[in-house]
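As structure tokens, the structure follows; a few thoughts come after it.
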Amino acid sequence: MSESSAKPVSFRGGGFAPRSVRWIGVTVFVALILIAEWGTRSGWISALTLPKPSDVLDTFRELYESGLLFKHLGPSLSRLIVGAAIGASVGISVGVLIGLFSYIRSGLVPLVAAIFPIPKIALLPLFVIWFGIGEGSKYALIAFGTFTPTVVATYGAVDNVDRTLIRMGQSFGLSWWSIVRKIVLPGAMPGILSGLRISLAIAIILLVAAEMLGAQYGIGAYILEAGSLYDLERLFAGVLILSLLGVIVSAVIGLIERRLLRWRI
Amino acid sequence: MITFNRRKALALMGGTVAASGLAAPALAANKKIKVGALRFTSHSGSFIALERGYFADAGLDVEFEFFQAAQPMAVAIASGDVDYAVTAISGGLISLADKGAIKVIGGALQEEGGIDGQKYLISDAAYQAGIKTLKDLDGRKYAVTQAGSSFHYMGSKMAEAEGITLQFTPLQKVGAIIGAMKSGQVDGWSIVPHIAKPLAAAGAWHMVANVSDYIPNYQVTTVFTSAKNAAEERGQTEAFLNGFKRGVDDYAAAMIDGTADQDAMVELIHKYVYTDRPLEKAAPSIINGTMRLSTGAALNVASVQDQLSWFQSEGLVDSDITLDTLVDSSYVETTGA
Amino acid sequence: MDIRLDGIGHAYDDFEVMRDIDLEIPTGQIVCIVGPSGCGKSTLLRFIGGLEQPKKGRVLQVGAPPAGCLNPLTYIFQDFALLPWRTVWGNISLVLEDHGIRGAAAKDIIDDVLARTKLSDFAEALPKQLSGGMKQRVAIARALAVKPAVMLMDEPLSALDSQTRELLMDDLVDLWTRQPFTAVYVTHNLAEAVRLGHKVVVLSRRPGQIREVVTIDKPLAAREFSDPDLDRYQKDLWHLMREEARAADAELIHV
């Protein structure tokens, strides 16, 4: 073949492999905030539509300086921690039981499927009757909301544990409890943790609902109050706190994942 | 296209129609407007005005938009989805006024000596535990729908007068509060008489005082509209108020003064309120719920100022808001100033 | 301790996979089982290991396991079955913990088996850091740690490339030469069978029956890569199996 007929093969691979580029996310945030700031300052975004981001920041600072931030954050965090801890631990236990025992699986899987889609907020009045208007009903709502996604994630994760590892455990004569503790639980951990990501986000969502009834302090109560006062600065400051909470929770789980799941390829 | 019918001609000639020349173009167009309402007897002024054709007389084609709560109604006015409505003064309302979205243009429900008004309540559980007077409520749970609601104001004024502190407990909805009072999870509350009385009779709670004892001449609800309507649609706004005032007059004549047929009025109101019950059962509640709607939609600015000041002192709204930001006093007679 | 299979037969529902298997596995010998795909080799190994029960016949242990034996019948799996979240050390200590062996006692055993499998330098490595051959050596070390009476190996080298396979076969021969162990070794690979087996059991296609038991007298240590003697055995075995394999292959298509 003559040299003149030779041409480079045209490249047709590449693409379809999105990577995350670090500073783009921050840039999008900053750009949106700047647009909002400029729009509210120049007036083409009315005060009714959106608060001035700088005012939101001011409100947040005032909240912090007055010490009210912690007065609101304290009860909310304790509700979140207690509620989510109850929901997640019961959810993981039930999920593991469903993953291990046929009768429990047959009995509970339809039940969990039935309660999963119930908007937990709708049950709030019921919880108030059952657990009272104090912290009980708030813990219960958050616990209940985190329970179902945790169960589903957990038994899915247990189902996905490599059966040959379990057979291996049996072939070495490991006790049932050892197999659960040393093989099933660690093997299900990746699935459980990614389930927790979702459950804990739901817990934060439910915080606002939980604080609808009878909460004098709390981020949710603060947001609801701001909403009823149509105070957009406070509303956004509250929402900002929830978002930050979400980011922190996600980062903590990321940290746990990195520590606990170092073994993953 | 200008067509005069008998009603409109009458309306034009009617002495009550102020600035009729100004209003004429709007009237002639038989203008469509939306009025927000809750299904409460306190909104009867609008119901009567529509049913008896007073709005039509004023040249307005009114359509009601019903809401479950006052808060979304205020937002609907601010967004321009609804033109006029009646509601209690709340922190949300003041904030919206501060943002230049709405204006209070008249008065509606008013506490008045001699007419049964709102009651302070103590739950039966608390009562049995020895809390017999409002003073005893010191440090106890007092139910409100939300921070900055009229319930919050009433509770706070009472606490101030009694020199006690209350734990204000937000429960969002009147239904939730009734449940919490019945089960003794909150200790005190205030509510309109037609809700207070039957449940007091049933032993759920005890009525221990009148709101009017603590807040004289309390302007409970006001008529409000968007700032735009107040400033630019003067003719239409006056027309609305004229229709509304005639409704209020009819209400007072039938329900308070006894100069008109009460049964007919109850039947009319029943078209909008307690519609899920038969008339015989609804009638006592409607009659029990009778309160003064201020004549001529007069606005007690002293009471409004007191409420505004309270919201400000609680830090619920901005402290530089003035009465003028909230109220456009050019439409109705003002009192208490 | 010997193992005796006594008239083993099995069927999944109406699907007969095995018939009349009688076999003796004497102490200190490696018995290889070869046979066409689907003839029931893995199933037979599960019977021996007590992970499954045959419909007919019995698996018998003859004599007591040697002193200090923690898990008489010990598996080595084709896909290693290492816990990915435990280090090499942790994977071996896993099988000792349930026997209450911890601390210094565990260290002695683990150090010993790691040395025997030439893994001493990798005690703290995670499985993901190891090559396939090393992973299987960890699995072998883990099996040795419980001092098994009989090792049950189901295609332990199939997941490895052929060079690694050769190396590992040498390792197994070394291990056996230093301290003879008893093993049932299932494989597809006739070269492995003739290299490691004192006896090679040829199963027929499904339902699996014993077609022939070939005994190879040449000592393990004397067998070498492409040993002509072994080649002859391998050729004979292939002749035995060829028809069965072809039939089994055709049968699978019809299933």
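Chains here go by letter, A, B and C, matching the order in which they are written, and residues are numbered from 1 within each.
FYI, a contact is a pair of C-beta atoms (placed from the backbone, for glycine too) under 8 Å apart; a residue touches a chain by one contact, two chains touch by 3 or more.
As the structure is a computational prediction, the values presented were derived from the model and not from experiment.
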Self-check item: Steps needed, at minimum, to go from chain B to chain C via contacts
Solution: 2
Quiz item: If every chain is reduced to the average of its C-alpha atoms, which one ends up farthest from chain C?
Solution: B
Practice problem: State which chain is most central when centres are taken as means of Cα atoms. | Solution: A
Quiz item: How big is the gap, in whole Å, between where the Cα atoms of chain B centre and where those of chain C centre?
Solution: 87
Quiz item: So how far apart, in whole Å, are chain A and chain C when each is placed at the average of its C-alpha atoms?
Solution: 47
Quiz prompt | Cα-centroid distance, chain A relative to chain B, in whole angstrom | solution = 42
Self-check item: Residues on chain A engaged by chain C in the complex (per definition of touch)
Solution: 162, 164-165, 167-168, 170-175, 178, 182-183, 186-187, 189, 261-265
Exercise. Going by the contact rule at the top, pick out the chain C residues touching chain A in the complex.
Key: 49, 51, 70-71, 73-75, 77, 79, 81, 83-86, 94-95, 97-98, 126-128, 142, 146, 152
Exercise. Mind listing the chain A positions that touch chain B in their complex?
Key: 46-48, 125, 128-129, 132-133, 212-216, 221, 224-225, 228-231
Quiz item: Where on chain B is chain A touching in the complex?
Solution: 71, 74-75, 78-79, 90-92, 94-96, 99-101, 141, 146-149, 167-172, 176, 179-180, 183, 185-186, 316-317
